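Okay, got some structures for you below.
One chain, chain A, links the two complexes that follow: it is found with chain B in the first and with chain C in the second.
Let's turn to the complex of A and B:
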């Protein structure tokens, strides 16, 4: 039983940053942007979270700084891709490089450490106990007592789905991706809609990054996003950006991650168990591709 | 050519100015820093040799990315292909009982084979399942990273070493040094000439470039798109694999932990900034190598952390790419205005 609960908690913990980044990417996906900068936004978010938490001794300040930092990267994306009309792919690649470089450089400049920073005084994002549910035997241990950001990710899924499918903004967002010219003829600037999509992406990736460095661990390590931004991009491709689909995919990846940790206790080298999420991504992509091939009339 | 050279130069200067601004804001002396940076990378024969040697993996992974991007396939798998090239070359160097004249070419071939196989896996998945090579090569990078780390901590580990690494390969597999310069440079020159010939002068390369510019047109013209896709993936994988082999054979003569980490995204970065042109890749490879090589000397002299170079590289990429489009536009406008001034419209007849 304890293994089961541990597996579920591990699943939620690994799914959260991927889900938040993927939701951010969903906004830009619907807006018709080829945005691959989630990896860098997560990394900058994780760094700024530690920065804010360290100097203000508050996890809330950390989360706010993470959101600001990731949004700053989104603003750079806006400057280059939308204002200066640089190629989106190139902008994304360069911003990811910039994120790695800048966080490594600032880690050295501000904290005078190389590699990673962990400080026991860093405040963590708290876990939330839900009053009545907490005492229900099995359900309580699973539903209650998770990290605040896990609930935030769930809430973000609902809000994103509502914004994208239930509001005028969402309609314009999808129109910007589907047919920008017809959106322009109706008097709405597609560029402006894309700016909002990128800002939303920055905020969500900032939250995801804050969870990486102040959630279950309290440390920042160089390049600690470790491909999660790319996995979130794969998730977006798999479900065409649908927020509910993203939640399912993120949970699947989280589960494979948790399973990997479980396998590690079965004498399998940790390098192989570490491959599980990436292999799961490849498997999911192949299933998706086969399904798409079947759906297409021959 | 002169115009692309001009816009690139303007972009680099602008990026260096931004870098100088950042340094000023932090209280460093930009002039002294840049002077130290280039003195320690180009100042004397010794540092020039180091810069050239460090440029080898940058240029080879850059050529790999440039050829791939210009031909269509988004091969982002250079890091993984480099690691598998290095792994196969190390395996051959440890266990193949051959004399140097045979061993060195075999190891080079093995390195290319390793990279080609890892890229071929992505091509296979594309052919079999129609999976986008963009995500697949990225995932394969992470898997290659973990797999090679397992190999050098497990079956191939050097029991006497304190950190994960393999034992040294046989001295017969070491690339000889010619004075200050590594003979790996000759291999680089041959590889660069070879890929230039294939890409710019051969029928295959013509088809690849055609497909990269307009796949539909190429298909209607009779190119076998899917066969060309596999060929491009294998070729560019082999180039990245060769980079890994050369790093092992010319440098530490063993597979060290974190061998590929330094070159992870450099190839893609160089291809992007060079706009997939092969001569551009060569020049930017040398330029970025000079920045990276001079970084430690710069830190020594002016206390600017060597990590600053990573930021500077990203700024250069962004500014050069952004200014390429904008500047070109302004130059067009300026040229049009000048033409209009030189040859004014004939006055309307009364």
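Let's turn to the complex of A and C:
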């Protein structure tokens, strides 16, 4: 039973940053932007979270800094891809590379450490204990006591789904992706809608990054986003950006991640267990491809 | 209101919409509208007719705020207004339906209609679906449009999609609808339904400005007709009592007798022939086979002869040129030059037998960004061995330089350096380079697609001289032109295209401008 609960907690924890980044990317996906900068935004978010938490000695300040940092990257994306109309793909690659370089450089300049920074004085994002529920056996251990950001990710899923499918903003957002010219002739600037989508992406990736460095673990390591932004991109493409679908994919990925850790304790070399999430992604992609091939008329 | 009793003279009292002395110059010196004054009365269907390039669309774009007038003013209800964009116009009750229908295919009809003006509630801007649906349904009922608000826009026919565009404007409470050739995208059997709906809109108090060049449509639907020709206002008349021949004459101009510039020159044998050439539109999404855009077109041009192709734009000229050049596949028929079958030949193979001046200088005729030199040697670089070395793998710069110099001298091109980008040349000089390049190929058959479009008077004259010289040198020339005067000046015969067919092939000396104009518009000769 301990193993079971541990597996679920591990699943939730590793699903959270992917889900947050994927939700952010969903906004830009619906807006018709080819945005691949989630990886960089997660990394900048993670770094800024440690920076804020370290200097202000507050996890909340860390989260705010993470959001600001990732949003700053989103603003750069806006400046280049929307204002200056550069290629979105190239802009995304440049921002991702910039994020790696900038965080590594700043880590060495500000903290004077190489590789990773961990400090016992670094405050962590707290876990939340839900009264009453907490005392229910098994269920309590799963539903209560998770990190605040895990709940935030769940809430973000609900809010994103509502914003995208239930509001004026969502109607315009999806129209910008489907047929921007139609939106323009309806008197709405598609560029402005895309700016909002990117800002939402920045905020969500900032939260995801903060969880990486102040929740999942309590340290910053160079390039610690470790492909989670890319996984989120794969998830978005897999489910066409649908927030509920993203939650399922993120949980599946988190589960295989957790399973990998579990297998590691069963004497299987970590190099193999580390492959599990990525093999799961490939498997999901192949399932998706066969399903789409069937849906298409011969 | 009984339209027939209205005085035909345009000096009417101030109506709802007045366009006063509108002049529009497109830089550098194309005069699109020349002092046009028209008044549109509220509650009427008012047609704007004229040939392509007459200025109908430009005039409506000025009214709608898409183009700024160079001079003149727009008045609504007696007050001058200046729209900075469609948003302004819609706010003042004017809406325009463009030819190109822009809907979000994935959205339902009602979602498309409310997009940009959605009823919302709550701090996050929750869509009020019930209210939106009810408002859209109310508009559909009020104007008797046959539309299902819950249908997906992508599943609708073109006619229904057009209706959604109209509904979108009605939802925004416009009282003036500008329709830019709305029947152009419709199947013939869909037109009566649109007309019935437009009449209902008029009954509901809407003013409709209807751009068209189909005489029948204009006369059956509209109350008033304004005719534009070459950017000038020709006449505004009540449609009732206006005959088709008279309207056609107003559109193409008086029966002027052009001083033909051709000297007598007996033509030789047939150089170019097209037999029963058919081109289909690409089939849409693998569904049915595409519609025939060019049907059974047979044409021939003899040595020392200029044959003109007349027609309202979009009646198959594009497909004819495309099929002759190998840009569009011929579904049936034959193309021959000097007896050689070129129907399915590669473009390079065709270029050994024909020269071609494309309609669109900046896109097909030349590369604007490339140096003048590169544009001058295009085609030659593949076919003229003197320009290349190593079996065509390398260019000889000295030979290229001599070639460009020759072209410059023979065709009087004014340019500074051969390495300057093509776009730095004036329109006239660009056309001289293209024409010179093609004529230096020295082919027996020359295909010219609108060779003087957008050129000033001097350059036009120059191109005309060159075409006549080709005739004197016993070349066969096929001249596609939207400019009837040009055809009457140059062509020995005029073939008239209508809906993808050649409906007449007449010796120029035995026909009149009005007769050709009528054929272009109606596809058959004027009765009587």
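Going forward, the second predicted complex is superposed on the first by the 298 of 298 C-alpha atoms of A that agree within 3 Å, B and C clash if a C-alpha of one lies under 4 Å from a C-alpha of the other, contacts with A are read in each partner's own complex, and residues count from 1 in each chain.
Just so it is clear, a residue touches a chain if its C-beta (ideal position, glycine included) is under 8 Å from a C-beta of that chain, and two chains touch if they have at least 3 such contacts.
Just so we're clear, the structure is a prediction, and the values are computed from it rather than from any experiment.
Asks: After aligning the two structures on chain A, examine chain B and chain C and state clash or fit.
Replies: On the superposed model, which is not a single observed complex, chain B and chain C fit side by side.
Asks: Of the two partner chains, chain B (first) and chain C (second), which one does A:188 touch, if any: first, second, both, or neither?
Replies: The answer is second: A:188 touches chain C but not chain B.
Asks: Answer with first, second, both or neither: which of chain B and chain C does A:86 touch in the superposed model?
Replies: After superposition on chain A, A:86 lies in contact with chain B alone.
Asks: Touching A:60, do we find chain B (first), chain C (second), both, or neither?
Replies: After superposition on chain A, A:60 lies in contact with neither partner.
Asks: Once the two complexes are overlaid, how big is the angle at chain A between chain B and chain C (Cα centres, nearest 10°)?
Replies: Placing chain A at the corner, the angle measures out to 70 degrees.
Asks: Quick check on the superposed pair: does A:7 touch chain B, chain C, both, or neither? Answer first, second, both or neither.
Replies: Touch status of A:7: no partner.
Asks: I'd like to know which partner A:124 touches here: chain B for first, chain C for second, both or neither.
Replies: Neither: A:124 stays clear of chain B and chain C.
Asks: In the superposed model, which partner reaches more residues of chain A, chain B or chain C?
Replies: B
Asks: May I ask you to decide whether A:274 touches chain B, chain C, both, or neither, giving the answer as first, second, both or neither?
Replies: first
Asks: Considering the aligned complexes, could you tell me the closest Cα pair distance between chain B and chain C in angstrom?
Replies: Minimum C-alpha separation, chain B to chain C: 5 Å.
Asks: Which residues of chain C touch chain A once you look at their complex with the stated criterion?
Replies: By the definition above, chain C touches chain A via 86-87, 90, 98, 102-107, 111-112, 114-118, 120, 124-127, 168.
Asks: Sort out for me which residues of chain B touch chain A in the complex.
Replies: My answer: residues 26, 125, 129-132, 135-136, 138-140, 142-143, 146-147, 149-150, 153-154, 265, 268-269, 272, 305, 307-315, 317-318, 321-322, 325-326.
Asks: In their complex, what parts of chain A are in touch with chain B?
Replies: So the residues of chain A in touch with chain B come to 76, 80, 84-87, 90-91, 93-98, 100-102, 104-105, 108-109, 226-227, 230, 233-234, 237, 269, 271-272, 274-275, 278-279, 281-282, 285-286, 289-290, 292-293.
Asks: Under the touch definition given earlier, write down the residues of chain A that touch chain C in their complex.
Replies: Listed in rising order, the residues are 162-163, 166-172, 174-175, 178-179, 181-183, 185-188.
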